């Protein structure tokens, strides 16, 4: 069940049986010469919607929120098309999303993340939200969870198998393959030079551009294919369904 | 040309000829028993993408940013599924989007808006951005524009003609028709009681729910049809293409 | 009754019968070569105090708060004497004024505004205040209203009649006439060149100064006279008394 | 010269000869059963305007900004009519006033203060403004000064002589006398019980109300008279003229 | 009893008998050619720990919090080693410390301060904290107190006696003597030129450096000795014990 | 070389040869019935100071900043003595520390961290700092690094060897051993029940207290001894010296 494609009475009805919602969250940032700017928000969206389809076929509704498509990508701002929130803005926005959903009774809020650069700020946001309760001693009804799609059960193992060399850290063949599988018309063929991009630390935008001239880090994006993307999506979907089910079953101690 | 479905070198190439970008912006909030929660971000997205298609067929690329899908909807929080940013958060996020795009050279930034409740905060954001330059006396390269899709040339006249009675202010048949045209599988049939919803002022969430029990204001959403939606989209697309062209041609005085 | 010219026990006594307060709010910004920098806060103050006088003669006390004299005028900062708050500061200040007055029991808070540039930010502030209640589901006792003095019943019609040509948008003969009527010693005679100032969009301060070299927009300020100002004040006072009475009678639904 | 009662070309002309501006700043808060809520912003305004009159008669223009009428008075919120900014809001507003005036070339900005509760926050604001330059190593053109009117040369000595007993700390006969002298129609006669109010520390609003039931601290407001107020104003005006002259002559080291 | 050197059950046990905690607070900033950068946080820490020792010997536990070692020192940023918080950051941090301690039941929170530049911001912070309660009308359990160590009973008199000439305002022989007494290995011998540093106003960092080339204001730091420091510490310890005892006994009115 | 125990000319001299500074950073929070509240800021301080001693014996100065002793510990607020910053405050404070040190020329800033709960917020802070440069395209001179002391080379291996069972995640025998080694008088003997504490997720303060009644997570703190602490410190010191040396040698690409 997709929240944005529902009416409010349908959400009210859903909440009778489940208080769990999945938010695909990513970033809109350069992914080298072959990857789409939207790669990091598309991947979790693609996986979440595929999982939702399967769940609804089994009559076990999975609630998917609209995609949170702009995250923390200050280091990519040296490449055209990147849009980033400052961490402070990102935190405020996550807080507002969570408090809005909590207002309606959702108390298990699961962020399916597609961007490594988001992780620290999302976790800081969770603490900021919990702190509202922790300073006052009020009971907090919320359980918040962050999961990167590549950390879903089975996915890392699969990606390592599919791309033993050249997976790298940014503009990886696995994430690009996922988008190619979902949007076959977006496949690009580019001669990457060097084939495997350099690696190094991530600091500010100018430093990033100097270290990683075409935007990739350690990756050979050209290994991505539609077929491999389909495999990765299938594994991720299974992992997500299992992980959300387990999360939904968790309860807070009295 | 869709920014998120491009690579960074493609954006760099685009910027040689044009510095204009269109951001569909809306809200995710209840739209009564017949309207989708995503109505207000879907409408500008639908119109912008349809316009982009026509533009690209004419080889006059129109750059469409990812959709800004959560806006200021505090008054709708009494209905399940609504997600809102506080105005202060919304302003910070708009500022970050604009400064990111400005970093790459975009200097004509056009927000195509689908939610009346966003207008004040978006305009306040523009002033917050301009103020960065106005206090220091630095030259500001930016032209920012906000346009509601229903204010595009020809659209209001058409909607008045199509819905002389029962158009109302929220969950209007025109916005719902636009989403039905784009997502025919989402058409809903509901007996609305009363047919035309009550009207009144908009304050906080509990007040809103008490005044407008099913969420609509002054509207008979059941007048929406796929065909009427197609008509409205077509008119909006023409209006958008003309309006953006005019905006792109504007220059700041020396 | 003027709040600042009262003692606290007098305010306590007033609150037994009425919970309404009127806040004159404006801006301190250039108004061309003939208009006072204080024009936009003086106009609502002049009108509110004149209305208060009439009300108190009829033993129907009208509570007038101190004047909120600095608003959002970033676009005027290219002209000496302009003082502006950033939108974010303006919002925080409005929130504090409202919460202070609410603390004492005022629940109908009416902002009589004299500056078009304030409108978006004041409305965003109202949403920020309401949001405090909307996210938590607490009952909000407040009704907040913004009214520009030129939108009071009868005023626009009168101004159109008095100034069929050259009214314009900034440093208008109507606002300058109001200040001249209240402060006859401040009348200035200046040869305006051109007689009717240019029009155009409002962006940042340097852009504004380049478009509108003497500060006026579309206006022939030299049409202002003391007598016309008196007429406008009289009409505005009637409009304000009626509008506040109607507002005070409004109640929130249970 | 009063900034708000000037046009922008007049301010531009003034700035040729002087870069100094005086801002009357105070608070709107309870002053016991005899004092006006506006006492703390009225006193500096009364003194500043009287000084301006004398200065202009001597052709030595003194620039008086609009009055900053709402300050930090959280501790008075237990009494009706008090309006307070939070310290964080107050700081942001002072910063915006200062940066606006600095934009035009004012570099000696003198706050004539009428409220003890403002002192800490105004000084913190000055540090916040200076810090903009201190972290970056940029040259800061500004000299900011805070002066309480009762600390002007000669004033404390006079007040001690006039009110050897019962001057106290809040709703003092000296500040009330100043407002009575300026607004003779506002004189109130109230039997104060006890004649001299209790003293004690200042914490939050409920604590304040419990300690100081009618709002006064240590003061016998009934000692205030119009004539004494005139004496205090005369002394304060002399003190202000001398102090501002000295301040204007100060220069920053190269 | 030192909070950081205790376990949580020990703090819980302490709170049965006392709700008072002392926070040494200072700054890390240049103190001329002879004074340590940490002087301003070391002094209150030294005095508080010495007092704690005496108290514990008498079985009257005194709770000493960890030292708040970075304060507001923007004006010292022109000298290497200075670390400063902006006032807005400082306020947020003080608020968080206080709310954390209040969460556990501490309601008498005593800041023993070692830096004059902290005073305004700490007091503004107290108002910011109290304001949380004052706007809502909730009962505030907290009593907050700020005391500079040189204002403890007996200390100023002693310092005046010990240093009748050359005490000055910054890098004073008294504060340097305190650190020399506590850290005898840190004694430095420097030829100060001039012996007594110049005096003047404190503005931004570059201005400060131009006025006070070696960082001292009005002080002859070379008067500091270990023995004099011991005397000052002894007097301060007595003053602190007395002052905290009195503070702890204060109760808020019902 | 300890920054706080130096004078500003000594820091200036140091900066001729090195631009690296190490900041011990931790938290003040409950560590179960045997661990000190200060454990998390003491550990990095102990290790950094021991390393500094060795370095100075070799005439290779290591600059150690004052300890940042309060971090993000909202989840521990259910236990007395915990002091926490909200993430937003923590970020502002880190930003101010970094910008202060950068002002003097430090450009390699190394945070030696002692608290897992700090990691996300410190990393978000780094991004917030870098973002100042990334949005504008200005060159950023800074390299920022976060290292947990238990991630220093060799340390995890040692701890696993020393505590194959019962190491756990909070109030671990390794961190407690480090503090016991440094402060032997603080060794406590407590019968822990159960010996090995439960494990689970970390959410808000009340949830934490319910899951982990005595504050420990997964740890048997009673395994800590002074001797083991000495071993861990020795290994950590070697690791720190090597890691800082490597960091100092890194340069940003041109």
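The first chain written gets the first letter, and so on, giving A, B, C, D, E and F; residue counts start at 1 in each chain.
One rule holds for everything that comes next: contacts are C-beta pairs under 8 Å (C-beta built on N, C-alpha and C of every residue); 3 or more make two chains touch, one makes a residue touch a chain.
Keep in mind that what you see is a predicted model, and the values were worked out from it rather than measured.
*Asks:* If you tally contacting C-beta pairs, which pair wins, D-F or B-C?
*Replies:* B-C
*Asks:* Tell me which of B-F, C-D or D-E has the interface of A-F again, with more than half the contact pairs shared?
*Replies:* D-E
*Asks:* For the two copies subunit B and subunit E, what rotation in degrees overlays their C-alpha atoms? Round to the nearest 5.
*Replies:* So the angle, rounded to a multiple of 5, is 180 degrees.
*Asks:* Between subunit A and subunit C, what's the gap in Å when you average each chain's C-alpha atoms?
*Replies:* 47
*Asks:* Using mean CA coordinates as chain centres, what's the gap between subunit C and subunit F in Å?
*Replies:* Chain centres of subunit C and subunit F, defined by C-alpha means, are spaced 55 Å apart.
*Asks:* Hey, what residues on subunit E touch two or more of the other chains?
*Replies:* Touching at least two other chains: 77, 84, 86, 88, 100, 103, 135, 137.
*Asks:* Go through the chains and record each pair that touches.
*Replies:* Final set of chain pairs in contact is A-B, A-C, A-E, A-F, B-C, B-D, B-F, C-D, C-E, D-E, D-F, E-F.
*Asks:* Quick one: in the complex, what on subunit C touches subunit B?
*Replies:* On the subunit C side, the touching residues are 72, 74-75, 77-78, 84, 86-88, 91, 117, 119-121, 123-125, 127-128, 130-131, 133-135, 137-140, 142-144, 201, 203-207, 210-211, 250, 252-254.
*Asks:* Which part of subunit B faces subunit F closely enough to touch in the complex?
*Replies:* Checking each residue of subunit B against subunit F gives 99-100, 103.
*Asks:* Which of the residues in subunit F come into contact with subunit B in the complex?
*Replies:* Contact set of subunit F toward subunit B: 135-137.
*Asks:* What residues on subunit F touch subunit E, complex-wise?
*Replies:* 3-9, 11-12, 15, 28, 30-38, 41-42, 65-70, 77, 79-86, 88-89, 92-93, 95-97, 100-101, 103-105, 183, 186, 188, 215
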